[in-house]
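In what follows, structures are represented as C-alpha cells.
Shared between the two complexes below is chain A, which pairs with chain B and chain C, respectively.
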Partner chain A sequence: MTEQAITAKLPSNGPTWSRYRYPESLYRFGTLLVVVLFLGYSLHFLNVDIAKLIGALGRLVGVVSDRYYPPDLEYVLDRGYLAAILDTLQMSFLGSFAGVCLAVPLAWFSAGNVTPHRVMFPVGRLGVISCRAIHETIWTILFVSVLGFGMLAGVSALTMFCIGFAGKLFADEIEAIDMGPVEAMQSAGANPLQVFLFAVVPQVRVAFTGIAIYTWDVAFRAATVVGFFGGGGMGWYLKRNVQQLENLRVAAIILSIIAMVLIAEFLSGYLRSAVNRAK
Partner chain B sequence: MASLDVNPAAISLQADLRRRRFTKMGLIWLAVLLFIGWCVSGTIIADTDWSRIGGRSGVLASIGRYLTLDIGLFPELIIPTLETFMMACVGTVLGCFFSLPVAWLGAANVTPSKTILYPIGRFLMVLSRSVHEIVWALIFVSAVGLGALPGILAIAMRSVGFISKITAEAIENIDAKPVEAIRAVGGNQFQVMYYGILPQIYPVVLATVIFEWDINIRRSAVMGLVGAGGLGLLFFRQMNSFNYGGVSMVILAILLLIVLGEVISHYLRKAVI
Partner chain C sequence: MNVLEVSDLKVRYSAKGPEILKGIDFEVKDDDFLAIIGPSGAGKSTLIRAVNRLVEPTGGRITLLGEDVRNLNPRQLRGLRRNVGMIFQEFNLINRMSVMDNVLSGRLGYTGNLRSLFRAFPQSDVNQALYYLDRVGLSDHINKRADELSGGQRQRVGIARALMQRPKLLLLDEPTSALDPKISREVMHLIRDIALELKVPALCNIHDVQLAKEFCNRIIGMQDGIKKFDGATETLRDADLEEIYAMEVL
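Now for the complex of A and B:
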C-alpha cells in the first residue's frame, strides 16, 4: 500500500489525539493560569527584580569564588572549634533523646485509633502541631530570652523541634498498626496503658527505633545553626565570623558543617539498616 | 496426644534466646544512658549559669512577659504574612525548576553520563539538603543583597535536595514499557519524556512538591531573621525592641499561616492522589 493510499483512507479532518479531553483540559489550563498569575503577582508584590533573579546563580558562583575562596581550613582545625563541634554533637543527642522520649506519649495521645481518651486526642495533636509549626530558630530565640545564652537554650529548642518531628512520624506509624491485638486486649479488659504497652509498642518498636535515629540526624542539621541565635556550638562561631566579615573562615565553617552533616547522615543510614536487619 | 507434648530442650532454647536478647537490649540502653549522662555533664551542667536564670520565679517571670498579647500590632501583621506566604510559593516553584535538571542527572536510568554527571547530580542533592536554610539565606544575602529575593533563592536551594531525590527515585522506578512503546512508534526524546516518563512520575512528584511547600512556609517565616523580609523580620524587630506581646502576636500569625498551609496541602494531596 502506498503512502497516498493510507492518507486517502484517513478522514481529512478527523479527531486528533490529545492527552486530556475537553472539560478536563479547560480545568487544567485554568488552574495553571491562576497559579502563573499568582506567582507573577507575588514577584511584583515582593519587589523582586527579574533580571537579578535570572542572574542570581551566576552571581552566587562569582561571589563564592571572589570572597569565599580559598576557605581558611586552619581555623576549623583549631582546638576551640573542634570542641564546638563536640558540643553541637552532644546538644543534638540530648535534644533528640529528650524530644523522642516526650514525643512517644504525645504520639500515643494523638493517634486516632488508640488514644486513651477523647480529651487527650486534641491535647496531643495540638502539642505536636505547635512544636512542629514553629521553626527551630524561633524556638532558640525564645528559649535564649528565657534561659539565657548557652547550650541549655539550644538543647531545649532542639527538644521542641524533635517533639514536633518525631511526634508526627510516630503518630502516623501508630495509626497504621494492626488493630487485632488492640481489640483482643480491650475485650479482655485491659486499661489504655496496658493496651499501649502490650498491643501497640511491640508492633511499632522497630519503626520507632528507626524514626528516633532519623530524628537525631535531622536534629544534628538543626543543631548546626541554633548557635547562630545564641544556643551554643558551631553556629556561634558562624555568627561571630559572619558579623566580622571573615568570609574565608565562614566558608571553612560551612564546609565543616557539610562534612559533619554528611558523616551524621551516613551514620544514621548505617544504624537504621542495622536496626532493620536485627528486627 | 503426641502433638501436645512439649520438648523441654526447645523451651530452654527459647528461654535462652529471650534472655540473650534481653541482655543485649539492656546493654544498648545502658550505653545510651551513659552517653546521655556524659552529654548532660558536658553541656548543660558545665555550660549553664543557673544564677543568671534566676530560679523558678525568674523563668516564670520571663515566660509571663510573653503572655500579654499586643493586639495593636494586628494591622502591621497582614502584609508580612502575605509576603511570607508568597515567598514560600515562589521559592517552591523555583526549587522545582532547579530540581528538574538535578533529578535528570541523578536518576540512574536516564542520566546522560553515568560516570561523570550522575555523581554530580547526587552530590548536588546532598549539598542542598545538608546546608541549613539559614546558611543558604546568609550566602544569598551576601550575593544579591537584602530583600525577598535571597529568601526565595534560599528556600529554592533548600527544596532542591528533597524534591530532586524523590523525583529521581520515581524516575528510576518507572515501568519501561510505555517508554519503549513510544520509542518504537517513532517518538523523539522530548515525546518520550512527555508521554512516557512524565505521566508515571507526575502524582509522586506533585505530592512531594505539596509536602515541600508546606515545610517551606515554615522556613520562609524565619528568613527575615537574617535579612530577607516577611514575618521573620517583624519578629526580629519586636524581639529587639523588647516588645514581648508583639513577639507573641507574630508567633500566633505564624501558627495561623502554618495551620492554613497544612489544611490546604491536606486537601491538595487528596485531590492529586
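Now for the complex of A and C:
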C-alpha cells in the first residue's frame, strides 16, 4: 500500500492523542517555570557581574604567573615532604578501612528491607546520617580539639567521613537486592544475621568492594583537607606555607596534591573495573 | 492426623488495602499432596506464605505441627520454620554461591552464628547434602555456581535445599511455573516421589490444572480470596473448574 493509500484510509475525525495532557502538563511546565524564575531572581539578587567574572579568569592567570611560578619542585622532593605524602596515604587508608568496616553493620541496620530489628533501623540511619551531616573539616576540628594535632585526629575524622560516605551507598545497595533469597533463608529458619550472611552479602559483595575502593579514593582527597585543619600529612605542609606566604612552595604542594589525586583516581578506577569483571 | 489446620484465615497487606484472603479453612493430613489451584490474583501465594508467616495473617487461626503459629515469638517461629521446607517459583537460590553452599544453607536453622559466618557446616550436614544432591541428580555440579545452571537444575538445587531441613511439611509455591512443560513434569515427579519416600505431606500452589490432577491427591480451588472447591482429585469436575476460573481477576 502506498503512503497516500494509508493516509486516505485514516478517518478524518478519528480518536486523537497528545503527549501533553492536562493537568500533568501544567505541573511539568509550572515546575520548569519556577526553576527558571528562581535562577533569574538569584542572579539578580546576588548581583552577579558577568563581565567581572570573565575578567577574573585573566587576573587569576596573572596572579599565578606572578607569584606562584615557578613552583619550588625541590621542596616537594624533600625527604620530609615525601614522608608527609606517605602519611597522607596511610591516613586515608586507615580512615577508609575503619570507616568501611563500621559502615557495613550500620548499613545493614539502616536498610529497610533486611534490618535485623525495628529498633536497629533508626540506630543505623541516625549513625550514618550524623556522620554525613558534619563535614570532614569540622570533624577534624572537633577531633583536633580532643586528641590534639596529628595523624590520630586526622584518621578519626576520616573514619567518620567514610562511615557516612560508604554507609549511605552500602545501604542503598542492600535495599536494591533481590528479596527471593532472603525469603528462602527466612523460610529455612535462619536468624537475621544468617539471612544477612547468606542472602545479602553474596548479592552485594562485588558492589561493596567497588564502593570501598571508591571510598578510599574520596578519603584520600579529603585527607589533604583534613591535614590543612590539623590532621597532619600534606595538608599540614600546605597550611604552614600558605601562612608563611611561601607561594612557590604552595604551588609545588598543590601540584603534588593534584598529581597524587590523579594517581588515586586512576588506581581506584582500574581496581573497580577489575572487581566488576571478576563478578 | 493433621499436620496443618487453617481456619478463617484472613490477610490484608495494609490496613486500608483490599483483603487478599477472606476467611480460608482447610487442613493438610500427613499423607496429603495437596494442590491449590485458581486464577492469578486468587491469593494462592499469599495463602502459602501465611502458613509460615512470611506474610503476616490479619485474622484466623493456623495450627502447624501442633503449634499455634500466630502466637510464636521470633525465636519460636524460626524453630518452627526449619521444619517446613519451601520451594519457590523463581528458585530463590543464592546465585553467587556454589550449589553445595546453596544446599547447605537449608541447614541454617540448625546452625550456630559462628559456624554460619565461616560456612563451617558439620560433616554430617555435608554428607547429607551430597546424598540429596545425588538424589536430585546433580552430583556432577556440586562446585558450580548456582547461576551457571539451567532452570530445571536450579529447581533441583531448591528441592535439595528444602530437603536438608528434614521437613515435616513441604510448601511449594508454583514450583514449575518458570520451567518448560517437559521439565515441569520431571520436577513434579521428583518432588512427589521424594515426598512419598520421606512420607512428607506437601501443599502445592499450581496454576497448571493438568499437573495438579496428575500429581496431587486432593485439590483446593480458590477464587478471589475464597475457597471454592475442596475435595479428592477424582471428584473435581469440569463444572467446578469453570466456577473457579469464572471470574478472572485482571
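One rule holds for everything that comes next: the second predicted complex is superposed on the first by the 225 of 279 C-alpha atoms of A that agree within 3 Å, B and C clash if a C-alpha of one lies under 4 Å from a C-alpha of the other, contacts with A are read in each partner's own complex, and residues count from 1 in each chain.
Note that a contact is a pair of C-beta atoms (placed from the backbone, for glycine too) under 8 Å apart; a residue touches a chain by one contact, two chains touch by 3 or more.
Model, not experiment: these values are computed from the prediction.
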| item | value |
| --- | --- |
| Partner chain(s) touched by A:Gln203 [first = chain B, second = chain C, both, neither] | second |
| First, second, both or neither for A:Val261, with chain B first and chain C second | first |
| Which of chain B and chain C A:Asn47 touches, first, second, both or neither | first |
| Partner chain in contact with A:Leu193 - chain B first, chain C second, else both or neither | second |
| Partner, of chain C and chain B, that touches more residues belonging to chain A | B |
| In the complex, chain A residues that touch chain C | 180-181, 183-191, 193-194, 197-199, 202-203, 205, 279 |
| Chain B - residues contacting chain A, complex | 32, 35-36, 38-40, 42-44, 47-49, 52-53, 59, 62-63, 66, 82-83, 86-87, 89-90, 93, 126-127, 130-132, 134-135, 138-140, 142-144, 147-149, 152-153, 195, 199, 218-219, 221-222, 225, 229, 235, 239, 244, 247, 251, 254-255, 258-259, 262 |
| Interface residues, chain A side, partner chain B - complex | 19, 38-39, 42-43, 45-49, 52-53, 56, 59-60, 63-64, 67, 86-87, 90-91, 93-94, 97, 129-130, 133-135, 137-138, 141-142, 145-148, 150-152, 155, 221-222, 224-225, 228-229, 232, 238, 242, 247, 250, 254, 257-258, 261-262, 265 |
| Of chain C, residues touching chain A in the complex | 52, 54, 78-86, 88, 90-97, 105-111, 113, 116-117, 158, 161, 165, 171 |
